[in-house]
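Here you go, one structure.
Note that the chains are named A, B, C, D, E and F in the order they appear, and that numbering of residues resets to 1 at the start of each chain.
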């Protein structure tokens, strides 16, 4: 259960600032579905707007990384931060961008391996090699 | 400074188990350079061998994700786990696999955005939408 | 479901050490309600007592920070540590200390922003500026 | 050592987009000092601009929380995320906003207590009390 | 709800690679019970096999640490990583290896104390004493 | 560099409250050495005293777990929390309690494996098996 109110479609009509962002989410995604994250952020319209604008700028652009790669990076960070909701929503998004079972399995394998070596390095307090300090 | 001994090339000759793994690292990477992570793991030859075998299986294969994508996922996990050594070594590896400045910048933008929304979701304790529970 | 027994009011009567702490919690908070955290700690009466004494010393005093600020700092740490129970209980406590919707919204905005810049800094391994090493 | 180039004042002149943000940072803070975080972000001018705009919106406003409270929340999150740079820079900022030794000490006490109870709750997997699910 | 399919006993028969690992789990543990972790990993038979082989090598051996100590270390890491499933499964395993209520209580006390001092150290950015850099 | 003053032996004489704790640390440990953690906490004498009392109660007692096991659990938590100072100080303490190279190596192997399976479980969002909800 959330610690904040989740705005319903009815609530949305009471705030032009919220409605404007929700409408842009719907138009950008070509779908009427507004997921709970945005319904929670609606309690703070400027935060809602800034967050959505950042997400559009980072995730919806035609950038240097393809959209599926960006979603998999999102899943990786969300896993290391133990954010259950985020893992669910971005796994769904990655699937929508065509993530295959084989790609998902390989993503999991990299995440698991990285966590293992991260902890081994940290426990041993391995000093950074000189070679890694020079930018290639 | 490390909490374990970092094996030098001289030490390596005293242990056939360590030497065998180090030789495979050199052959696989076509380079004489053995970075400090492996020099720390050498204190436990079976752990050294298992970790290297896992790394080869996950990172060096011709798999469903290209090598650069795998390195960027590694950086993402290492960042969320605050592993400085891992960020340095895998940023170097990603550069070696051709990561451009633009791709690095976009990777950072996704990592930062994911961390921000992870914490917002967690602080609000947003419940998972029904739509995310059905596998697409 | 918990990994330890949660002590009921009936269990409490069987241990004078537990009952003594529970009674102090009730007297300090002027309420009969003992939340589940203390019911779990009751399995280890010395840990229960130490934890409650620390909480009273830190949270219930007339100190340099007002009680609401302390609760918001608690929420911030609990969010970064992904502790769902802690977020729920301390959001309730902050509300009881008068946290407004606007203050909660701003707390969330700071938490989210801090997480974003934390991860950006970590991924870039930004060195500490000289200016920050001198105490003002 | 950073994984990205840290832009010097000379570099800054080569990019109007970077110079524009740096100038706004100087004007807003009434200081010529640009700390390393912004010098790292300069490699991605749109990310630099978005991050600075968010920081101004969240930290520099006349909002529901006073500036010192916001800086202490920032320190709390940065500690739980193990971001050394962030702890240094925001402790400096909190000092600049008047944080006393007593307030700093109390901040540390709350952070330490929260971490302890966070981990105890997580290890015991304490279920959320019904009372915490109702918003006051 | 999982983000991947959890393999049933019926599914298992369709994949000799999965069946072979499941059979070894059953034989090693002298039990027909296959817990959900392995049913999720079954989507990637090589990852399933590598993970099980690592677990056997680390946890099931007659090594330098007794099995109960290993399970308690596992619980400690899982708590700090906020992995609810892992805490449940390894608390069950530790109980099966004879963990008493008193030992569990003491484990929790150490975990809680470590988290508290970890965060205090990090917030104060305490430099490592020279004495700790020399291996005893 | 620390964010707080590290109290020297000379400073200590100016505060009876600090001197009393430092003297107890020296007497309990049968050593004149006061490590930096306590020198940082000295800025807040009540926090210094509470933390030392907790540490004595948890770590220095003749309890259900032997001292070396407690130190290894401490290292495990400190690793997952990325606390470099804590890893150094408790690895030193574990060595002083007799941790062998083989035990250290096995500790690292368990920490690394736990981190790997923690992340795999979290990324797959594996539901807790019914069997783990029943206390053995």
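We take it that contacts are C-beta pairs under 8 Å (C-beta built on N, C-alpha and C of every residue); 3 or more make two chains touch, one makes a residue touch a chain.
Not measured: the values here are computed from a predicted model.
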Set of chains whose contacts include both chain D and chain B: A, C, E, F
Same or different residue numbers at the chain E/chain F copy interface, by half rule: same
Chain at maximum distance from chain D, centres defined as averaged CA atoms: E
Centroid-based (C-alpha) most distant chain relative to chain C: B
Chain D and chain E, separation of their C-alpha mean positions in angstrom: 34
Whole-Å gap separating chain A and chain B, where each centre is the average of the chain's CA atoms: 21
Per-residue multi-chain contacts in chain E, two or more chains: 1, 3-4, 51, 54, 57, 77, 79-84, 87-88, 91, 105-109, 111-120, 122-125, 128, 133, 135
Residues on chain C engaged by chain E in the complex (per definition of touch): 3-4, 43-44, 47, 51, 77, 81-83
For the chain A and chain E complex, residues of the former touching the latter: 82, 87-88, 91, 101, 104-106, 108-109, 112, 119
Chain E partner contacts - residues on chain D that touch it in the complex: 75, 79-80, 82, 84, 87-88, 107-108, 111-120, 122-125
Complex contacts: residues of chain F adjacent to chain E: 1-4, 6, 33, 35-37, 40-41, 51, 54-55, 57-59, 63-65, 69-70, 72-74, 76-81, 83-86, 88-89, 91-92, 95-96, 100, 102-103, 105-107, 109-111, 113-129, 131-133, 135-136
Partner chain C, residues of chain F touching it in the complex: 1, 3, 5, 46, 50, 53-54, 57, 128, 133, 135
